[in-house]
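In the two complexes below, chain A is the common chain; its partner is chain B in one and chain C in the other.
Our next item is the complex of A and B:
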């Protein structure tokens, strides 16, 4: 039986803790200075940044569960050389889920300005706003909590379950396919859950409702695309990190090339959805829809608006177009960091403008908070990786991945 | 690593212990024989439909658009519905030939040739509708941005309708090239086997002097990859732009940002349904069960359940957003869709497109040929209704209640639609008689990996441990 154990290098642990502490210190400092500030915009700044990061990191981790489900259903053999990585990320979704729920509920129930209105989710107090009153059958704290909790619980459960089933396959009778087909059925169920949460309701509740009057039918699919391409980049970073530590001996350039293709293709897919949403609203020029882009494109955020396109479309297209660049570790690591940062900016652009208006910040607090999440990610995922073999031994498709050509 | 290996969990895609020679023999047989009686019956029937279509169109051109049921309120009726429907059907061919090529999906080789042919014929049918909807069809060339003597009369480059002209003509050209380039080695095979002079001459011309040298193959592979790379964005762009025809407007029910991806998913959905309809017939009539196996049918049914569910999520999203937007007109538009005078069309769409494909979650039904055949037709009916719902029910209740109306097609519209079926099947019958319905060269790529004969020999590899296998793979030259 082929196994490969990974022990977390001390350096990685130290880095993880250091980042966690930097993030934690930022949060504490922010809690004191921003929440203690007399200026209400500082309170919003605190919550908006937490919301931005907790939702972003949760979504890119959930993408790892999705990729497992998609690969299982498509019976893809290519992923097996490094499947333990999305499994380890997916199995830690619950941590980010709890953080996100805590932040979301704190905002919905806690955040209030001097009038008692919610500065981020305006719909919590519709007042005499006819539109918000009309939406209140959906946009109300009860529904918000219900959908959020169910989504996070189901995602977390699937994330843990997929990893368990995968590890159970190692000790199953040789070439047994019982678990294999079971996981396919489970993946179908996950896709159903995913369609009703990530591809529809959850981004409406958590993000779109920040611009409480605005609506776009495409919105959730767009959020999905953004999270998915970042999620793939995250997997790639782990693969290359482990490769650099002489682990993951089954992974060849062919597998890395596949991930590069995914980053390339889904950067274009993201742009396709970005363009579909933007162009149709621009072309229709209906005030209740263009209001969303007004502040983002022509207002104080215009720099980020264009940076978003350059980082997430122009760079990946040109850098990843050629075959050699998709097989070069350095290029891939660089572009993966770019993509994750770019989509972090994309989420920033979805979440910040409405509550912050022209008072935007991208300063010590906004840049410090993500370290908290990155620290957790490093510590949790590396710890999970060390708990099981890195090789999905005895998986019916494992041998295909050994002779895989991208 | 030069080890030919495929896991035992995958079922063989070519059954009947075929060898390379047998593959050529089986696929060329229908071309080299006289067609069956059934073929003649089908062909003549298609010609009759085509004839009726030509007559209907002639009638419309001669007497004018007034012979159609469209009116000032419902300016787009069956014509544009049929146009979108046919274009959508075309998408599966390109998806199979291009996107599945990029994804290295071996099973595509069993079905790609017929699917690509279907694409081309479907786009040909689609193109008729906007052209004859122009009424004064002799002015149709006005849509082309040609330098002209008409003064400042140029097409409106800001219009999605014009983008459609470019998108569809480009798509048609690239699809045709892709299809034809794949046919070249197969034509050469038929040429080399030809017993009559005329056949040798004609297939010789069609095969561009293909000799099957290594250089020939190298160029062939390179071209396939380039064309696949070109077709992939093209196939997405075509239905995206078709969706722009509606979504760039400010008409409630049409102006939705989800339209582009959802139209593409719907197009793939209907296209795969049509591929199923055709291939289930082809495999039966030409006895191709060894090449178009239950595994192929199941794989396509999986695509159908996936795309059908994507479309379902989009329908529900639209419906929800109409309410959520709190825009009065959006809400009314959807109320009329669901409960208005065309309620039957909406519910037909919902049942056929969202509910019916869910049966394909069950493996037994995915592998049931009769069920698949019936469902593929149901899906195509549903996808026709989708376009009808989007176009007609939206237009019938416009902003001014005094101009509300009910639209029904007249016989020339019906005849036109039937005529495109005639065109489609006439082309398809000719194709299936004179062209290899399965890509001979391409299916041979998969034979030694997925052929049942070769898969049996892989049991030795499956029995190995991972270490042994890796050892062998690294030393196989």
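Our next item is the complex of A and C:
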């Protein structure tokens, strides 16, 4: 009775393809000029940029699975008006997972400088480095591959499974709650998996191990917060886009307002974790810890270091603070794009400084590669959305989303 | 505050209450207040209340807290009593942030609670007239001001048109006061 189909507008498809091709051309051009260059820093530049983008886009897509799983587990009905969007993003996690795995394995096993050392992940060859030897029981290629593959396979499986159960709900017998409770159990299982991967081990392996001598106990939380707030922004952009195409008729200003509140709140949450990590290291002033911030704060990256806080905290907090701005499509779209860009810069700051040192680039290659991922995201998600109704008909909590007041 | 004459109508459901509120607002009579046993969604809109400005007060209180904390600490640690803590600069901004944050939250929270209490005229030890003892139980109580110098017959007739369970006229204080129920006012006298 309440099905609502979405056909992908030709314009969106064209935009997606255009972005994909721009990204692909950048990748090819970068592959030829950078990998073919005699200068080793150019090789690092190529791999670091690929690593940065593949990890960032994979993380924000996995955050979508987390958002809808957390809402399902909390029996939140309000999300149902647009739940097909996080589900559709989650169902495409496998694409980004495969790309990220390919890049990660290419770096771990392929990249090498003239000494045969890995320019990004030093720990692959501990040599006589006492610290790396001490960490080698955990930080070695075998563990890296094992954790990465298990995490990506589980994320992809859960992403596909959630969407499949949600579609099965539509044809379920009236008043049957079997699938509903099944999804709740599945959500619990996913959160468990997510806690052990995204909120702990995976950022250690993929990002923190770039600075292999350095460690921070809340690093994964900080990465998760970054991915979470970008994931919310991504969902909001899709919601507002579809709303502009007269789809998603169940979504009202109230849902939009609540998504805006999430962006506002989790921008502060991200800052809280970012600052907790920074302040303790600044205050403790222990050389093995402060090296991480020395290059980022006092080196050539200091501009991004401060820009990061302004884009991800100061602007969202002041622009989103008042109620009317959280109910205004224009400010929300602006802030959502800004937050995604800001956290892209945040990931840049996590990944780039260590391998690149003072030879930093934010140029045609670094700015072109993300288009490849954005293109895939647009094409894959819109295609998935068009395959089924935008409304989970027959869901026991559907009434809640209709009467939702923020 | 002032002693006024009120016409009171009681309902046992939201539906007739909303109809009555609409009717009173369209009639030109001054709606004093509506008392319900639980928060009723949409009643504020029906009564014509504007969105609260409490959050703006909260923002101002918060900024006061930020300024207090940052200003006070900066003054102490740079000019009043500078101490060298582990070679940190005297103006050690990152170290001030947690306290600044706490004071911002504290000022905003306490300030908003007090402002809220003032706006709603509630405070420990403060009393307000209770129009019906069952207004916290299961009655929805609609209170309309009787226009000054006019007999209450017309307004009672008007209220009877909204199908209330009971109606009555009460002369009562319209605001808050410090005091004790047992000494100040026998609020059950209208329902003896």
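Throughout what follows, the second predicted complex is superposed on the first by the 406 of 406 C-alpha atoms of A that agree within 3 Å, B and C clash if a C-alpha of one lies under 4 Å from a C-alpha of the other, contacts with A are read in each partner's own complex, and residues count from 1 in each chain.
Criterion: a residue touches a chain if its C-beta (ideal position, glycine included) is under 8 Å from a C-beta of that chain, and two chains touch if they have at least 3 such contacts.
Bear in mind that the values here come from a model prediction, so they are computed numbers and not experimental data.
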Clash or fit, chain B versus chain C on superposed chain A: clash
Contacts of A:405 with chain B and chain C, given as first, second, both or neither: both
First (chain B), second (chain C), both or neither touched by A:283: both
Touched partner set for A:323, first chain B, second chain C, both or neither: second
Partner chain(s) touched by A:361 [first = chain B, second = chain C, both, neither]: neither
Per-residue touch tally on chain A - higher for chain B or for chain C: B
Overlapping segment of chain B (options 133-141, 205-213, 241-249 or 367-375) - the one that collides with chain C in the superposed model: 205-213
Residues of chain A that lie at the interface with chain B and also at the interface with chain C: 283, 285, 405
Of chain B, residues touching chain A in the complex: 1, 3, 5-10, 233, 236, 240, 244, 247-250, 255-261, 302, 309, 313-314, 316-318, 320-321, 324-327, 361, 461-462, 464-467, 469-470, 473
Contact set on chain C toward chain A in their complex: 41, 51, 55, 59, 86-88, 94-95, 97-98
Residues of chain A that touch chain B when the two form their complex: 1-2, 73, 75, 77, 130-131, 134-135, 138, 175, 177, 180, 188, 191, 195, 199-200, 204, 215-221, 268, 272-273, 276-277, 280-281, 283-286, 288, 391, 393, 396-400, 402-403, 405
Complex interface listing, chain A residues touching chain C: 275, 278-279, 282-283, 285, 321-323, 405
